[in-house]
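Note that subunit A is present in both complexes that follow, paired respectively with subunit B and with subunit C.
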Partner chain A sequence: MKNFSLLSVRAGTLFFSPAAALVGAFVIVPFFWVIFVSFTNRTLLGKTALNPEFVGFDNYVALFNMETFFTRGQFGFSLILTIQFVLLSALIGQALLGMILAWLLQSTPKYVKVFSESAVIVAWILPEVVIGFAWFAFLDYDNGTLNMLTTALGLEPGDWLLDNPFWVIVFFNTWRGAAFSMMLFNSAFASLPPSYFQAADVAGATSFQKFKDIALPLIKGHVVTDLILITMWTFNVFTPFLLTQGGPSYRTELLSIYTYRVAFKDFEFGKGAAVGVVIMLINLAFALFYLRIAKQKHKGAE
Partner chain B sequence: MTLSFQQILSRISFSVLAALIGICFALPLIWFLFAPFNARAELGLEIPSPFTLKNFFTVFENTFAMRGLLNSFIQSIGGVVLVGFAATLAAYALSRSDIPGKKSITYLLLLFSSVVSGSAAMVPIFLIVSKLGLIDTHVAVILVFAGGLLPTAMFILRDFIDGIPKSYEESAMVAGASSMQAFRDVALPVIRPGIVVVVVWAFVNIWGSFLIPFILLRSDELMPASVAIYSFYSEAGTPIVTLLAAYALIYSFPVISLYLFVNWKFGFRFFGGIKA
Partner chain C sequence: MSKLRSYALGLAAATALAGPAMATDVTITCRCVEGGVNSAAAVWLKTSVIPGFETMMKATGKDVNVIFKEFAGKDEQLTQQLALDFSTGAGADVSSFDGFLIPNFVDAGLLKPLEEVAGAEVNQWEGWSHISEGSKELMSYGGKAYGIALGTDSRMIFVRKDIFAQAGIDADTWQPTSWKDVLDAARTIKKAMPKSAPLQLNAGVSMGEATTMQGYWMAILGTGEGMLDENGKWIVSSQGILDTLNLYKTIYVDEKLGDKRAQLLGDGRNRTFANFRDGKTAMLVEGDWFYRSVTKPGAEFEVKDRDVNMTWKKMPAQEPGKGFRGQDFVTMSGGTGFVINPNSKAPKESWALLSYMNSKEQLDAFQAINPRVRIRDDVWIPNSDFLTETSQTLLPLTTARPNNAYYNKVSVAVQRMTEAVVSGEQTPEQAMAQYKSDVTAIVGEENTVSK
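Coming up: the complex of A and B.
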């Protein structure tokens, strides 16, 4: 029976070919092409649109030009901004808030659980443009819900998008993505044997002790998975564009938005491609790390 | 089990805290819950009096808005059909045939698909689509999404098919069925729930997407609803809030109902892990 094959190699190849063609053309070719374009001075319009010249590492040298590196609207500024954005909105915001929510919701009455869980999940499933529009209204200086609240509490209304645009997108992204971490930790907590906690209850442990000494060490693997995934997603996210367009004056220009501006507003494709290559390298590091851990976990499970 | 005073106190504070976080999450959307039903809606929070569906009728009469929804629908359905078809065949091949190197194929595809994100690849995707002469067409959007979503779709389906005993098809083939018949008549009906999940996931992804149609399409006639909504509120000074709020709610409806459907049918977990 060993050679009894359900699908011959020829049929298998045939089955595989439509997917291979599509992934090849729109994932794998772009991967190599972006590297190629990043070494040219290709533009969207003009002479170099048709006959781009090979310029070696010029685009990369321009990106890493230390004189302007940290200036607003330059590559270095966007890179550092993106790192801060990932740290604050994904690692601290989404993961921590998701963890707290998942832990709290285990022991709350059903109606509180359903309400809070739904609110968090709705923020996550609605299309990004709808979210952008809702926040646009929420933050409106004259009439928005947020300023209505601050005025009601006796505080000064704020022009949030103008005065604190970076913190707006940090809160925005935390709000938008906390659901994933909450759901992941939710199922992680649910997989722990209840007897562990009963024993701790008998010993009179507080909820925080149970969390710190029993739950957290046991779900370490889930935490690592969560952190890598949300880091990768947040690093590549384009959604804040829908709220701030990268402004005012480049103060919320994350790398993804920077790439878009350089390539499609300033029409410098070569430079935009170079940024794309840097983004891919960073993605690659995270992805390799993640796949290694996933593999180890898989082996551990067998 | 009797609870001590302290335990009761901690339970109450847990509930209050959880409810407060829930309220904070709901705040930015409360306005969006009322405005579509208010004929005089502005950006301020106001309970409509009376509740009206007038805004929705205005949207239904607006040809530009309706064309946007139709375009979203064309692009999503096109992408979904392509992803469903190609992913099913490919996942079946990866699970059941002995094509060489299938383990590394899956590994490589996953790696590529997480490295080549929309923000990293927007330049070459634009260039490839222009080279193919497909800029400003539905086909461009459909093909780009199919390529981008396929690796994950294949991975999910391959896992699903791996979980089905081979003996199903083996017994059919022992009884004289060809491998095509075994695939079509035996395996396919069993795989169907997996295909439904992948198809719903792909639909939600394309329906809600902004960046790809935003850079690949130019003419108003082809814009999906996402790009239309964005241009309404970002460009035109003060947006027509009543129309836009109702339009955004209509546009969100398929996503919410599909989510509820999947949640009801399969539970959270499928949706949880696989959002791109």
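Coming up: the complex of A and C.
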């Protein structure tokens, strides 16, 4: 490809510099600051707030201390919980549900399609706080809608947020995010030439066969993109905090919530920064993987 | 360009016109909301303190404008807010503050002694001569005053007489002398009303310091121990801790005498109040704030016909004579008050406001809204049986939290330990082992002791 430019180097630099200054001040500097703080025992309260000491890798060693690693409320527990959360709510929940919805909507009348799409998208565009409160009200033990329904059906009311907090946030996140996958798959399906399916219809293929043998292989790239994106988002999601505050007894303390607690409730900046750095590395791995796939796809298209 | 300039000029003119040029703003905040939590304090500030202060300052030729911010969140959320505000140079000039946090904030440089913030005039305040040394201590650290307390408090068991009567116990003559007495009463009520949660002793992380003060301390003192031993070392493993955790286990896990959900959910403390109001809970261990503010007529958790239906009992030791210092009964005291933001841009005016709030005139006015025992000896003592009785019987028995910068963190470890037991996740032995490792990590092994 030939390089050409609309602007001179000087003008380009000039236009670029405000953005660079902002990114520098609010992304690059904090990035290195966090790495620096993670090697100290800095806190917000107490003696170590004024006179933090350099502690080397102590914070990291403490995070990966195998004696307490798997205890609830510790880093390892949150890490494993987050992986389970991503697998169940993003990869199985959102992607699968989105895929099923998108496929079913291909062959439904237009008004059903429009209605279902709107309903799913509403779940996606509402502000987090509103959603959190609505779900909290829905699941409340004493006056919640869900328990009104179950008791009306003659079933025992469930104490959802206390007894099954993990499944609640899995279900919540599935509901919340399925719209994105659905829309992405929808447009992917829409881009496929109808003639493929007409030919398959003539041959007498079932809907599942069409899906498995025609649609899915053709939108493979979209699927991979979708999976990586929702994995990254779900890995960093904080909204379940609005439902459970990470509790009871840390049973829903995802990594993002764990970081928040360590840094901004316990005020242990050093340790919190160390967790932040580890999360940053994990996200970096995701991002590199994503970029690599995107590049391959690009090459394939050429 | 000239357009921009005219905008800027207009803006400057508008700002200049918006307020009198010389007015100084002083912001005050507290965890109080009119019609909500600590409503009386909000009403007092709005109707008495602020108008009176502004008038007084005007009379001395100063134009001071007081801005009042009502904070509706939990105590822990206010602490979080203040810590972040003070560390970034933001926040209200005068703020309500729980005295036990002072060492931690001071060590971190987030609070400065009053005389350092507002100058030597602090020491010339007429009020100091009317405040006892003990009351000054509530908001002091290392011999220096960081704020002025509103008063001290004490803790006890609040009892619903009507529920006791329904279970066939005469609450007037009932005074438990051991944990067993308390548990037996709860068992009797539970038998009569299987759906009730007769006994509530605070536990869990979400209630924060309320768990440590009203729950854990009230139990551990009954075993004869405190959180520190006589040499100032933190007790991390002992029979007393184990007995306390087993008490929790009996109440919440084994016999389900208490409402465990109220201890585990985010809005738990209000749930315990509601349970008491609704008669679901017959015995609640709480501070006198619960009587003065939470259940008083007109409040959200008002107990109907309170004088008839509600009474209070001293918290017994595990067994008679087994309590802290060999006492039969135990209680805890703390103190909240107001501090001045070390970054205040109007420190003189802030001190003027703080001292004005604590003038005899203003505290007298507060008494009319919400009577309690005030820290000034020249403020009238309200004619209330509850206040006279509790202060006479409980204050001689009371214990204060260690004035120690590690306390706040250890307190959180206590809350986790109780939550682990109450939720049934850990046995008392496991929870204590976890506590030991948590506290050792906080204070260092050389400052801990196992008994």
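Some notes on this structure:
Just so it is clear, the second predicted complex is superposed on the first by the 295 of 302 C-alpha atoms of A that agree within 3 Å, B and C clash if a C-alpha of one lies under 4 Å from a C-alpha of the other, contacts with A are read in each partner's own complex, and residues count from 1 in each chain.
By definition in this document, contacts are C-beta pairs under 8 Å (C-beta built on N, C-alpha and C of every residue); 3 or more make two chains touch, one makes a residue touch a chain.
Please read these numbers as outputs of a predicted model, since none were measured by experiment.
In the superposed model, A:Leu155 makes contact with neither subunit B nor subunit C.
By the touch criterion defined above, A:Gln245 lies against subunit B and subunit C together after alignment on the C-alpha atoms of chain A. Contacts of A:Thr71 after superposition: subunit C is touched, whereas subunit B is not reached.
Contacts of A:Ala25 after superposition on the shared chain: subunit B is touched, whereas subunit C is not. Which of subunit B and subunit C touches more residues of subunit A is settled by the count: it is B. Contacts of A:Leu192 after superposition on the shared chain: neither subunit B nor subunit C is touched. When the two structures are aligned on the shared chain, A:Trp135 is found in touch with subunit B, with no touch to subunit C. When both complexes are aligned on chain A by C-alpha atoms, subunit A residues 245, 264 touch subunit B in the first and subunit C in the second. By the touch criterion stated above, subunit A contacts subunit C in their complex at residues 43-47, 49-50, 68, 71-73, 141, 159, 161-162, 244-245, 247-249, 264-267. Of all residues in subunit B, those touching subunit A in their complex are 10-11, 14-15, 17-19, 21-23, 25-32, 35, 42-45, 82, 85-87, 89-90, 92-94, 96-100, 107, 109-128, 143-144, 146-148, 150-151, 154, 166, 169-170, 173, 179-180, 182-183, 204, 207-208, 210-211, 215, 225-227, 229-230, 233-234, 241, 244, 248, 251-252, 255-256, 259, 268-269, 272-273, 275.
Interface residues of subunit C facing subunit A in the complex, by the touch rule stated above, are 76, 80, 83-84, 87, 104-105, 107-110, 205-206, 261, 264-266, 405-406, 408-409, 412, 416, 419-420, 423, 425, 434, 437.
Partner subunit B is touched in their complex by these residues of subunit A: 4-9, 11-13, 15-16, 18-20, 22-31, 33-34, 37, 97, 100-101, 104-105, 107-109, 112-113, 115-117, 119-120, 122-130, 132-138, 140, 142-146, 148-149, 175, 178, 180, 183-184, 187, 206-207, 232, 236-239, 242, 245, 255-256, 259-260, 263-264, 269, 272-273, 276-277, 279-280, 283-284, 286-288, 290-291.
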